[in-house]
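Have a look at these structures, which come just after this line.
In the two complexes that follow, chain A is the common piece, with chain B as its partner first and chain C second.
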Partner chain A sequence: MGLRAVKPWIFLLPALVIYMTVILVPSLYTLYLSFFSWNGIAPTKTFVSLHNYIDLFMKDTVFPRALKNNLLWMIGSLIVTLGLGLSLALLLNKKLKGRTLLRGIFYFPYILSGVVVATVWAWMYNPTQGFVNKVLESAGLESWTHAWLAEPKIALYAVFVAGVWQGVGQPMVLFLAGLSTLPQDPYEAAIIDGANPFQSFWYITIPLLQETFVIVIATTMIASMKVYDIIIAMTGGGPAESTQVLSSWMYYQTFKFANIGIGSAISWMLVFIVMIVIVPYVYYTTKKSHL
Partner chain B sequence: MKKRLSIVASILLAGGMLAGCSSGAGSNDSGGAGSSGATASGDKKDAGQKVSITVWSLDNGWEWLDKAVDDFKKENANIDVQISKYGTDPIKENLKLAANSKTLPDMWFTWGGSLGSFYPENGLTQDLTQIAKDHKYAELYNKAALDMSTYDGKLSGIPLHLNVLGMWYPNSVYEKANLKPPTTFADFEAQLQTLKDSGVTPLAFGSKGGWHTMRLTEALLEHYGGPDLHDKLTSLNASWNDPAVVKTFEKLKAYTDKGYFPKGYVSLDPQEAEALIYQQKAGLINEGTWFDRNLNTNATDAKNYSVFKFPTEQKPARPSVFAEMFQINGNADKAKQEAAVKLAEYVTSVNVVNKYIEDYGSPAALNTKISEKTPHLKQLLDSANDGAFLIMDQALPQQVIQKVFEAQDRVALGEWTPQQAAQEIDKAVTDYKNKKK
Partner chain C sequence: MSGAIRYVVLIVLSVLFVIPLVFIAFTAVKSNADLMNHPFYTLPKQLHWDNFLKAWKQGRMDMYMKNTVLISVIKVPLGILIEALAAFALTRLHFKWSEPLFTLFLVGMMIPMQATLVPLNILLNKTHLVSTYPGIILIYIGFGIPFGILILRGFFRTIPKELDEAALIDGCGDIGKFLRVIIPLSMPAIATLVIFDFMATWNEFLLAQIFITKDTMKTITTGLMAFRGQFTTDYTLLNAAVLISIVPIFIVYLTFQKYFVNGMAGSVKG
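Now for the complex of A and B:
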């Protein structure tokens, strides 16, 4: 093997060692722990094979709800966060006065801590003194007011709105970056051919943004499965566990109830779900874009 | 093809990061350790000279501890103390994280019962039994506080506070409604309606986290079940599928339906519920011996408030109590342990308590003075003279209490009947017991 073949590995080695140490090894150790019953401290672990996984589906009443909430969050993010991000990017890609300031304003919530966002929105949702209900009342819409975070049917969506407010800046920036690289020739040709703006968007912009879409959709899906801080800070998973997601329930099981095995099983369920959704998507879309 | 594979590999790596989050020995930054600086095993000290110890405590209302520790450092020049402070729920979680990752501090604040027992049960605390004999703790600390810091016959913490809970109310609200503290349960219930009619929220409770409303749940359970059954239920020696439990949840549902709680209380933060009492927009709140301090520091005067024992109509009439303590890291080296014991004994001593009595809370130390700024402290402590029960979230295992919290919410929201709540909690108890076998 010549120096030419070895060289890339030498450059890769530091990063590879770090990835192996902080990602691969803990991940595999977590997988190993998911087959045991253990409180995290005791000297002995009891091997329970797949029982932790079976219990999650057969006995745990919160896990299915947490899983459903994660999937709802993912679907909502793909439709709302991504849609809004793209709309804002298209708007702010035009030559507007103050567009740099507007880009900064829309991106700003993304740099805030999830706990800060949660605190602000929790007060806005306060049933008696909160901004949301006050605005509705002053607009004569008393019947629309709710105890937003206290009603299980709407609590998750109320938290999701706060999540969208915080998260929309990220896809917006990625789409803006994608839009700035698009060539102008196809648009000029389309105008000559008599295409309207919607047709230009649908038949030129969307296909040319394909690679940006792959990144944005993949990162949005991963972020949806990882959602945690905003849920914990706004509702703590309540009321009646109605806003629990996999990450929060994993945390409860692992660190509140000291069920390390079950917590590890939840974390691997998270990985598994992300893989079965994202890997085929990324594989298919990248294949398509490189044909 | 290569490009496709590399993108898929990137996604796999990102997914791997999700898995790494949960491992006990994994990459999770324990949070606490991050903010505390040195840890028990990570400190370096000058050989035989200066000892540096790390301490975790609560934050809100604990400013006195910094001053007391400064005094201690002046008297003990060879001991350095680094304090990290946390909120109520964060300290519970960060301690578990630190225990899992073997990064516990040298000394930490914790509650008694199932919250504090995790550490001695897993050999993480220093056994203080012999030190207690040598240093005559029986003459220094309240017996109940020592008992609540003892597990399997071993003293596992130096008692700091002995807290007793009661029903607090703003005098102005009660005067306006022409009410006096109730002596019977029927009186109590009648007053809730009177308070509502007078335009205030009768019961200031916030169920986010579950523990605040639990204080009312356990008082109702004591009323309907009596001391004997209550103790059997919390020690898991009786079935929770019991008429007394059903009646307790029926009452919670009735109070919810009658609008006795703040709007949306099932997700309300307890501090938001407290704010209603400070603003005198609510009638009653269940708080403890620390609440004088809260009232004084929230721009009001504790003298404008009063407290009464929940009328359980049982004999003895028991309030809810709990102890707080400092536990010492059993794996720290001897010099650190000695320094930590010295510090814990110092900050819980009569002299320190008396010096900071206005902010200290309800001391576990005996023969301390009472401050004018804590006018309800003696009344509350005296209310436990005939007996008391350990607060429910420390008496029950954490898995079971979580089910109680869920039951409170589900009954309030009409998702479970009171009967279902009793059955579900009983099932959680059975599951817990089966797992422990």
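Now for the complex of A and C:
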């Protein structure tokens, strides 16, 4: 091989080596581990073929709930976070005073870490001194107060509200970017044809925003499957495992209960689910860019 | 929708969004007695700035902040340099493996961090890199590579090839081409990447939680968790710590707001 043939490899070497060491090889090794029963310390691992995966559905009582919570989070995000993000984008998509400030306010929580958001909202939800219960008490609605994060039936929804607060800026900004590229002609034509604003929105804006919708829906779905920080930092998966999601349950199984095989199987379930979203998304975007 | 209604809706929503931040700011400057004895919406009787000092020193926010700054300051430029070198090879050094290698790097975006934790833990334990700067920086750089290459490759491709030829005529080798043509012209993309990378590093929690076990090495996110464990019911102090951890990112945000809002939209669209 001449220098010319070797040179690209020299430029690629650091990235390739680190990438293989940190992501590629470890993830494949995790897949391998998911076929074994192992406590992480013992010198021998017992091969169990697909039993870790089967056990997740048949024996593990928390895993199905964690999966369900991820799906609930995803549906909630697609409706509430995405809907609110789109509404804010539509409201802000006009020349108006204070637009930059308002946009900044809605986007700001998105740059905070999950731990900060969780700490802020844990304080908001504090049963005795938190803002939420205090306001309800002041309004004479004592019966509506709750120990928001300590009641298994409502904890997930309480955490989700914090997630919406944190996450709404992302779709808002993407929709604003999409809206700013829309042509004006179809709207003028629609007004001439006597369309009302709702009809223009439904028949013109939504179809023209198709590409943005695909991006926002795909990123929202992927983020919902990976949700972790805010759960761990707000409830730690409790009370009574009611707020466990796949990633937090993977953490408990692996690092708290030393079920390395089970934990690895959960993480690969996560890989498969994320692929279900990403593969069609990549297919769509590459098809678009080749047109 | 008429202008007035639009404003009312927006203002009501923005007030709702600001409430949590105002609430922590109010709590952070109160004394514990004030917090207990007066309604939550009252202004602090006396401003207790010493809460911040206490959180900073006794709560060890100073240490967590120092660790995070150190990690970010090394990780961000080093990571981008490594990504830029790779993106340069993929776009500029006529090379038949460009496409398959790029795809290989993209696969990394599909893999959740969870799927790498156990092997990485074994690796770090064997190399004695748990709770060290090199260990966590190596892992952070690794996870930054797929996105960094995606963005930089996309941008490098838009730089006209004629400039390469001009550089060649001027006697630049490939390194010269990289340093004097591609990098200077890519500053907008690099600036966006620096900001995102800084933010991602500053906010990272999962990897820091697993690979930094020593308290003196903790970063701002894992440090805040440790702080919460230690000062469970000292709400004024806890909220002061939260504000301290927000300040740097808030300053970065205010300074580079344009990059955040526009860069975000641009980069996700790729």
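Methods note: the second predicted complex is superposed on the first by the 246 of 291 C-alpha atoms of A that agree within 3 Å, B and C clash if a C-alpha of one lies under 4 Å from a C-alpha of the other, contacts with A are read in each partner's own complex, and residues count from 1 in each chain.
Everything below uses one rule, namely that a residue touches a chain if its C-beta (ideal position, glycine included) is under 8 Å from a C-beta of that chain, and two chains touch if they have at least 3 such contacts.
These numbers come from a predicted model, not from an experiment.
Look at A:L33: by the touch rule set out above, it reaches both chain B and chain C. After overlaying the two complexes on the shared chain, residue contacts for A:F201 are found with neither chain B nor chain C.
Looking at the shared chain after the overlay, A:L176 reaches chain C, while chain B stays out of its contact range.
Legend: residue contacts after superposition of the two complexes on their common chain; A:Y157 is shown touching neither chain B nor chain C.
By the document's definition of touching, of the two partners only chain C reaches A:I18; chain B does not. In the superposed model, A:E241 makes contact with chain B only, not with chain C.
Of the two partner chains, chain C is the only one touched by A:P8; chain B is not. Counting the residues of chain A that each partner touches, chain B and chain C differ, and the larger count belongs to C.
Contacts of A:Y187 after superposition: neither chain B nor chain C is touched. 19, 22-24, 26-27, 29-31, 33, 40, 126, 225-226, 247, 250-251, 254-255, 260, 263-264, 266-268, 270-271, 274-275, 278, 282 are the residues of chain A that lie in the contact sets of both chain B and chain C, per the superposition on chain A. For chain A in complex with chain C, the residues that touch the partner chain are 7-9, 11-12, 14-16, 18-19, 21-27, 29-31, 33, 40, 88, 91-92, 94, 96, 100, 102-109, 111-116, 119-121, 123-124, 126, 129, 131, 134, 138, 165, 170, 173-174, 176-177, 197, 211, 215, 219, 225-226, 228-229, 232-233, 247, 250-251, 254-255, 260, 263-264, 266-268, 270-271, 274-275, 278, 282, 285. Of all the residues in chain B, the ones that touch chain A in their complex are 3-4, 7-8, 11-27, 89, 92-93, 96-97, 99-100, 118, 122-124, 207-210, 262-269, 272, 398-399, 402, 405-406, 409-410, 412-413, 415, 431, 435.
Residues of chain C that touch chain A in their complex: 1, 3, 6-7, 9-10, 13-14, 17-21, 23-24, 27, 35-36, 39-41, 82-83, 85-86, 88-90, 93, 95, 97-98, 101, 104-112, 114-120, 123, 138-139, 141-143, 145-146, 149, 174, 199, 202-206, 209-210, 220-222, 224-225, 228, 235, 238-239, 242, 245-246, 249-250, 253, 257, 260-262, 264-266, 268-270.
Interface of chain A with chain B (complex): residues 19, 22-24, 26-27, 29-31, 33, 37-42, 59, 122, 126-128, 147-152, 155, 214, 218, 222, 225-226, 235-236, 238-241, 247, 250-252, 254-260, 263-264, 266-268, 270-271, 274-275, 278-279, 282-283, 286-287, 290.
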